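Paired with chain B in one complex and with chain C in the other, chain A is shared by the two complexes that follow.
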Partner chain A sequence: MTGSGILQGLAETAKNFVGSFTHPAENLATIEYPEQRQKLAENTRQFPFLVFDGTDPEAGLRCVACQICEKECPPQCIYIIKSKAKKPDFVGKPQFFPAVFDIDLSVCMSCQICVEVCPFDAIKMDQDFELATSDRFQGLLFHKDRLAKPNSHFQKIHPTEAGETDTRRAADLEKAQAAAAKAAAAAAASAKPVATPANSPEAKNPPPASPAAGTPPM
Partner chain B sequence: MNTLDQLPETLKDHVVGVFPAGLQPWISALLAIGALCAIFPALFALTTVLERKILGRIQNRPGPNRVGPAGFLQFAADGIKSLTKEDIVPRNADRLLHFLAPLVVVIPPLLAFSVLPIGRNLVALDLPETGLLFFFAVGASVEVGVFMAGWSGGNKYSLLGAMRALAQLISYELPLILSALTVVMLTGSLSLVAMVEKQSAVQVAGLHAWNLFTPWGVVGFLIFLTAAAAEANRSPFDLPEAESEIIAGYFTEYSGFKFALFFLGEYLGLFAVCGLGITLFLGGWLPPFTWLNWIPSWLWFFGKLGALIFFFIWLRGTLPRLRMDQLMQFAWTFLLPLTLINAFVAGLWHFTADWNVLFRWALSAGLLAAAYVALSRPFARAFPRRTYRFAP
Partner chain C sequence: MSYPGAPAISFQPRYAPDGTEQDGELLEVSLGPQHPSTHGVFRMDATLDGEKVVRLKPVFGYLHRNHEKIAEGASYLAAMPYTDRLDYFCSLTSNWAYALTVEKLAGLAVPERAEYLRVITAELTRIQNHACVCGFLLQDMGALGTPLMYAFRERERVLDLFESLTGARMMCNYLRFGGCRCDAPAGWLDAVRGVVAEFPRFLDEFEALLSNNEILLARTQGIGAVSAAQAINGGLTGPLLRAAGINYDLRKVDRYGIYDRFEFRIPLGEHGDVFDRYMIRVLEIRESLKILEQALKTIPDGPIIDPKAKLRGFRPKAGEAYGRLESPKGELGFYLISDGGPNPYRYRIRPPSFINLTLLEDMCLGRPLADVVVILGSIDIVMGEVDR
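Our next item is the complex of A and B:
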């Protein structure tokens, strides 16, 4: 019958219109962004950040300024100056740390290559996408203090990857502690036969590689 | 009647009474003009927001809801935006026509409102001999403004839009006027006030004798609505301003406030033609039942107007745009013959007033249904149902 299509169409649009009031969840697809937010997928990635353990972003920073990420970065947006001094890492081994670590947001292309090449699990991808700024020079250049975020943040945004990383690091720490204990025992054993009073303070002091600064992983 | 019903009239009388007797007719006219020029553009402002909200909900999104409470100040933001925009006149434009066209589009609908009975005793200009004629004469002058706009821009798209608009307006003016003619035949008067009074006769159970409650009234109203959508350039007959084909049609070369004036004119035209449809078929300011008389008559008029506007918005959210040949074929091979048959049935209805009600109804409705089926058959054959391979 001519005209029945128009009535069918009118019924269809009326269903949508009425449904948007009675069943808004099914009928209104819009998420009104600043007030409502969609839950981000775990693999969402936006811009890198530096992970630190514990509470102090300087002491707990995992980065050892090896500069692999700086060299691998395709658009060359990472800028690192290695420190002169060293600080102990999570197993207590003295390591360099970045005196300067800058990433240029306007150049970064969120490729995640820095994350993939980092042997120290020090750089990860963040999910914060509200990075707009009115200052296009300094506001877009992220320094170390702004890049450093605690491990708890990493746990929150990428729970699977962070859990896996933490397990591996805990195993590494255990191994290092066992090795240190063995070395200490060996040192003690080798020190005993001599047993000269001059050597005793040396035996009490742990060797440099032993877990003096055994910072537990978060 | 009650005081609320006559409130606009008594209010006007009070204001007019303040002035000396010599000035009173002028003040009275000015007040009526001022009221019409305030109410309908205000309704336009409200309609633009509501239209976007309703279309949004039809399309599964909330629509504008940021400016003001629930987005209802969106029209103010749009108005300020269009006022502050640069008014560009193309170098090879006909400057005088380019300037006049928006005015010629806006003024006729405002004039047309003057003969519409908005409430009981509430009509700005009662023309007892020529009311409907005045309405159509004034309404037809919009076409001049449309062609002025399309021609003066010196742009092929505006000219194409103007040609389309002209062809469409002239084609659909015919069914529009002929469907109104049936009411004139039955009323025996061209006065819109008399038409409403004729419909105030009471049938069974306090039901007013709206023209819609007759077979020819139903068909006439549907034809009127179709032709009104075409006259007001509303979807699915919005070819003159088809954005995806010819940018903005005849007002492509307009910017800033002149562009907004075209929209104003278009919506005012829609309100005017809806108001006429209400007066002709929906009993004007009359309630459907006599026991609903306590609601002020002008509220009935604006309620019906709102319902018709909602229907047009609903239609816009539903139907895609026609093609030019479909538009023409629909007007000349389907709508026009159906209107003529409807006029014949209306005449039959008039002369069979003393027949059995059921038989009279069955005869008229049967004739119209047969005409509908017969007329739609070649039309349906020319445009068969499309089957899509990949979409259901």
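Our next item is the complex of A and C:
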């Protein structure tokens, strides 16, 4: 019968229309966004941020300004200037730090390659997407102070990945401490016959405790 | 139009139905690039005789962004996120085509679990692409909103899966040379099983909504038909070629990846018209669901990336490779020449929707202007891929 196909289709739309009132959970695909919010998937990524340990974004910044991410970034949106001085990293080894670390979010395409190539677990993907600004250029050019976020934030948004990272870093720290202790002991043993241990520079300088050392993940 | 100073334009056809020339003119109509029916920034210069198309010139390049040259200047890895932006509906198949080519070039093997993850993501991509194409096609026919929104509702579910696996809904950047970037998170495979089990319900609904609709049949049957010989000469691939009755699907022909392990059929059309293309896509979704069910049943545990594969400092030895696969739109090929350096010497893409577009004029000649929009919708173009 001519028109039966159209009627069949109309029945389908009517079913969906009525269903959206009677069974909204199954039939409504949308939510009222600013008031209601969807829980983001753990892997969701938006833009990169820099992780720091402890509470001080300057002292605890994991980035050592190796500039690998700057080289590998496909749209070249990262800009780094290496520091002249060095600061101890989490195992106490003196490392450079970024004097300037900028990411131009208007250029960034959220590909996550900087995160993958970073050997120091210093740069990770954030989930903040409400970054709209009326300042077209400076508003989206994020400097180091705005990019640095604590490890607790990383723990909150990517718990699985952050847990693995923290375990690995704790193991690294333990290894470094053991090595340092062994070196100190060896130095003390060899220094003993010559002079008092107090004068030996190695024995005097145990590895400086990093802000993260022993701190349980927040 | 008879007012003082009116331009001398006649809207009469130049040729009468019996072929005799009369006092009319050909009219050139520029459709697009802002025209809502043109699928992105695509322009058609149609020359009309009355309402019939006598000449049609596709004009593109508005979205050209130098993809190939950018990739030749970037490292092999850095080109991967750009491939997402080729066909932004099917980023995972574009990723796969590129990874397949580089693996061929560098001789990397892919672990079994990664192959399964690739098949699962590629088939999910095919499902959501075909669902959306059917929705867009119907929107072009005037079914504004409803079918497209139903298709998008289902696409949302698939995109949610992509988001929880890869981190992004559309620009996934998931595959790496020699495997995948990360393993499926806990519970992800079960979520896929849920979507795959739910999807046939949507297909039944979609078909009940439209497949018997008399208006749809009138607007699509016999429209834009391409013969088998014409399709082969034009280099068509994908659903368009199969709608013309040619049994050519790279999943069966090349058996790339692990497609030889799955049982599925290739739906074939007879007439090569718009209706066959629509129907083939609906049937292909059902076949993809079959592949997904089998893959989800047999996916093994194990590593997801070749341990030899290097992320940084990746330099394949000098040589060339062409890798291709069956993307939802047709044969997507990448051609790479390596000179042993960190970036490809030549990087070339064979985009399926660009080549499928070449027969647009032949499909449209002699048809009224209203059919042009429907025919264009049935080709399934994405300008990101056409213009690169």
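As a convention for this text, the second predicted complex is superposed on the first by the 167 of 218 C-alpha atoms of A that agree within 3 Å, B and C clash if a C-alpha of one lies under 4 Å from a C-alpha of the other, contacts with A are read in each partner's own complex, and residues count from 1 in each chain.
Everything below uses one rule, namely that contacts are C-beta pairs under 8 Å (C-beta built on N, C-alpha and C of every residue); 3 or more make two chains touch, one makes a residue touch a chain.
Just so it is clear, the model here is predicted, and its values are computed rather than measured.
J.: If you stack the two complexes on chain A, which partner ends up touching A:S20: first (chain B), second (chain C), both, or neither?
T.: first
J.: With both structures superposed, pick whichever of chain B and chain C touches the larger number of chain A residues.
T.: C
J.: Considering only the touch criterion stated at the top, classify A:S110 as touching first (chain B), second (chain C), both, or neither.
T.: A:S110 sits against chain C, while chain B stays out of touch.
J.: Which partner chains sit in contact with A:R45 here, chain B, chain C, both or neither? Use first/second/both/neither.
T.: Second partner only.
J.: One more residue to check, A:E12. First (chain B), second (chain C), both or neither?
T.: In the superposition, A:E12 touches chain B and chain C alike.
J.: Could you look at A:G3 and tell me whether it touches chain B, chain C, both or neither (first, second, both, neither)?
T.: both
J.: Contacts for A:D145 in the overlay, against chain B (first) and chain C (second): which applies, first, second, both or neither?
T.: neither
J.: Classify the contacts of A:E32 with the two partner chains as first (chain B alone), second (chain C alone), both, or neither.
T.: So A:E32 only meets chain B here.
J.: Report for A:D56: first if it touches chain B alone, second if chain C alone, otherwise both or neither.
T.: Neither partner.
J.: Contact-wise, after the overlay, does A:D128 reach chain B, chain C, both or neither (first, second, both, neither)?
T.: neither
J.: Which residues form the common part of the chain A surface touched by chain B and by chain C?
T.: Of chain A, residues 2-3, 5-6, 9, 12-13, 16, 29 contact chain B in one complex and chain C in the other.
J.: What does chain B use to touch chain A in their complex?
T.: 54, 57-62, 65, 314-315, 317-319, 372, 376-377, 379-380, 385
J.: Taking the complex as given, what residues does chain C use to touch chain A?
T.: Touching chain A: residues 74-75, 77-82, 84, 146, 150, 152-153, 156, 160, 163-168, 171, 173, 181-182, 185, 205, 208-217, 311-312 of chain C.
J.: Applying the document's contact rule, which stretches of chain A touch chain B when the two form their complex?
T.: Against chain B, the touching part of chain A is residues 2-3, 5-6, 9-10, 12-14, 16-17, 20-21, 27-30, 32.
J.: Would you pull the chain A residues touching chain C in the complex into a rising list?
T.: That would be residues 2-6, 8-9, 11-13, 16, 29, 41-45, 68, 72-74, 109-113, 116-117, 125, 160 of chain A.
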